[in-house]
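All remarks here apply to the structure that follows.
In order of appearance the chains are A, B, C and D, and numbering begins at 1 in each one.
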Amino acid sequence: MQYAHQLEFKVRDYECDIQGVVNNGVYQNYLEHARHEFLQSHGINFAEITAAGIHLVVIRAELDYKKSLASNDLFVVRSLLRRVSRVRFEFQQDVFRLPDETLMLAARITGTSLNQQGRPFLPEMLAQLFSDEY
Amino acid sequence: MQYAHQLEFKVRDYECDIQGVVNNGVYQNYLEHARHEFLQSHGINFAEITAAGIHLVVIRAELDYKKSLASNDLFVVRSLLRRVSRVRFEFQQDVFRLPDETLMLAARITGTSLNQQGRPFLPEMLAQLFSDEY
Amino acid sequence: MQYAHQLEFKVRDYECDIQGVVNNGVYQNYLEHARHEFLQSHGINFAEITAAGIHLVVIRAELDYKKSLASNDLFVVRSLLRRVSRVRFEFQQDVFRLPDETLMLAARITGTSLNQQGRPFLPEMLAQLFSDEY
Amino acid sequence: MQYAHQLEFKVRDYECDIQGVVNNGVYQNYLEHARHEFLQSHGINFAEITAAGIHLVVIRAELDYKKSLASNDLFVVRSLLRRVSRVRFEFQQDVFRLPDETLMLAARITGTSLNQQGRPFLPEMLAQLFSDEY
């Protein structure tokens, strides 16, 4: 697997719940932050494009939970972006614990961008991230 | 659709993000709370069974985001539980805005329960929630 | 004590941490939601005034943690608002567990409002909430 | 000011709210994580001592919000720990934006530790962190 981006994290204790492990919902926070850093690494700042009226939105999330991250764990989110239709793109995002590289979560996040009228479109700056033709 | 449980919520402003709508990850919080209240309504308290060594875990989440909840919105999470294998169960959970009943999110959350050794099993109290035979 | 507003909540399990009780930071979420509902009950919608360029901001928070809320607890946040200077106001907010009315948290949240240039001012709609003269 | 510990962070977009800045409650998350990392740097693991029946609890938090962190900001939490009574200790924690070193938040967090019976006590491992005699 060739990933296009990776970002390291450390579990923070407030992210853990009664079961003593990272709460299910928190993984979506990790994935979102990794996506935004990925975009930032290509010169696309999420807050700025939001202020400019371009709304990146998630339309589908699939998350396969393999093992649970726990207090003090280090991990990395590795991401890959591909275009799946004229106006839709998909992030494949996998979470590996460090340093043992155990796969903890495998996710596919499908998104699109909406203009000010709420209509899907793909702005040029995003289109340049994809090699595929549509 | 015949749901087995429903729970009403109101969006809280701290759940909204830069885009002015409820952040994607927050929906998993809503769904978890609705599941735990569903179990509670059948006499199963999540914190108590966790303390007793029964760990209910999510192994897969599929979320289809239809529209975005925003500040001040009222909504309801409607849930349905079915058994999908000997040790796995699935919650179908749909989020509707109130009072207009617009579908905002459709989710399927697959779970299992782990014993103290981390092995999947289905405790009797959970098995009683399912009508299906396996 | 004569409170001006109260709002009931139930603890959600995702708000609890490794210690099995509501995480310290979550109380600020409860207090914020109670303040926004208080304002809403006086016709002031937080999201709308934010969009209109009026930024209500917290400048100081003092929280005395008395006892810990836990899974399944019901509680009420009771609030009182007073003006403490020409452009500052203070919410006194106390959290009581229900139905035993045990005081769990006592807080004072000092705020002000900023205009588009980031200068403190008190918009007329807020000033009308205070009986005091300054 | 001589701080005993410092930890760098980057704002994550899901931590920002409708106003486009980091939500007030999130700062307590940052401060907690910095305290736990401080303890960890002295060989004290929060999850382990919790499992061993030693409950570190916050009994008072004072937070002075100076300026708002926003999307993409880097910042550092600097911490200082002092003993304030036989069984109480206080973290002074200040948040500075990087690289301009602007003070964003100044906090004092008073804590104690509770034994299994909920009685305050100061375990030896913590007492060793303090130079003061009580």
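The rule is simple: a residue touches a chain if its C-beta (ideal position, glycine included) is under 8 Å from a C-beta of that chain, and two chains touch if they have at least 3 such contacts.
What you are looking at is a predicted structure, and each value in this text was computed from that prediction instead of being measured.
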*Out of A-B, A-D or B-C, which pair touches the same way C-D does, with over half the contact pairs the same?*
A-B
*State the chain with the largest centre-to-centre distance from subunit A, centres being mean CA positions.*
C
*Centre-to-centre distance between subunit C and subunit B (centres being mean Cα positions), rounded to whole Å*: 29
*Per the centroid of Cα atoms for each chain, what is the distance between subunit B and subunit D, given in Å?*
33
*So which stretches of subunit C touch two or more other chains?*
13-14, 16, 18, 20, 23, 25, 29, 32, 46-47, 71
_subunit A-facing residues of subunit B, complex_ = 18-19, 23-26, 28-29, 32, 46-47, 50, 55, 57-65, 68
*asked:* Looking at the complex, which residues from subunit C come into contact with subunit B?
replied: 12-14, 16, 20, 29, 32-33, 36, 40, 45-47, 51, 70-72
_Show me the residue ranges of subunit A that touch subunit C in the complex, using the header's touch definition._
13-14, 16-18, 20, 23, 25, 71
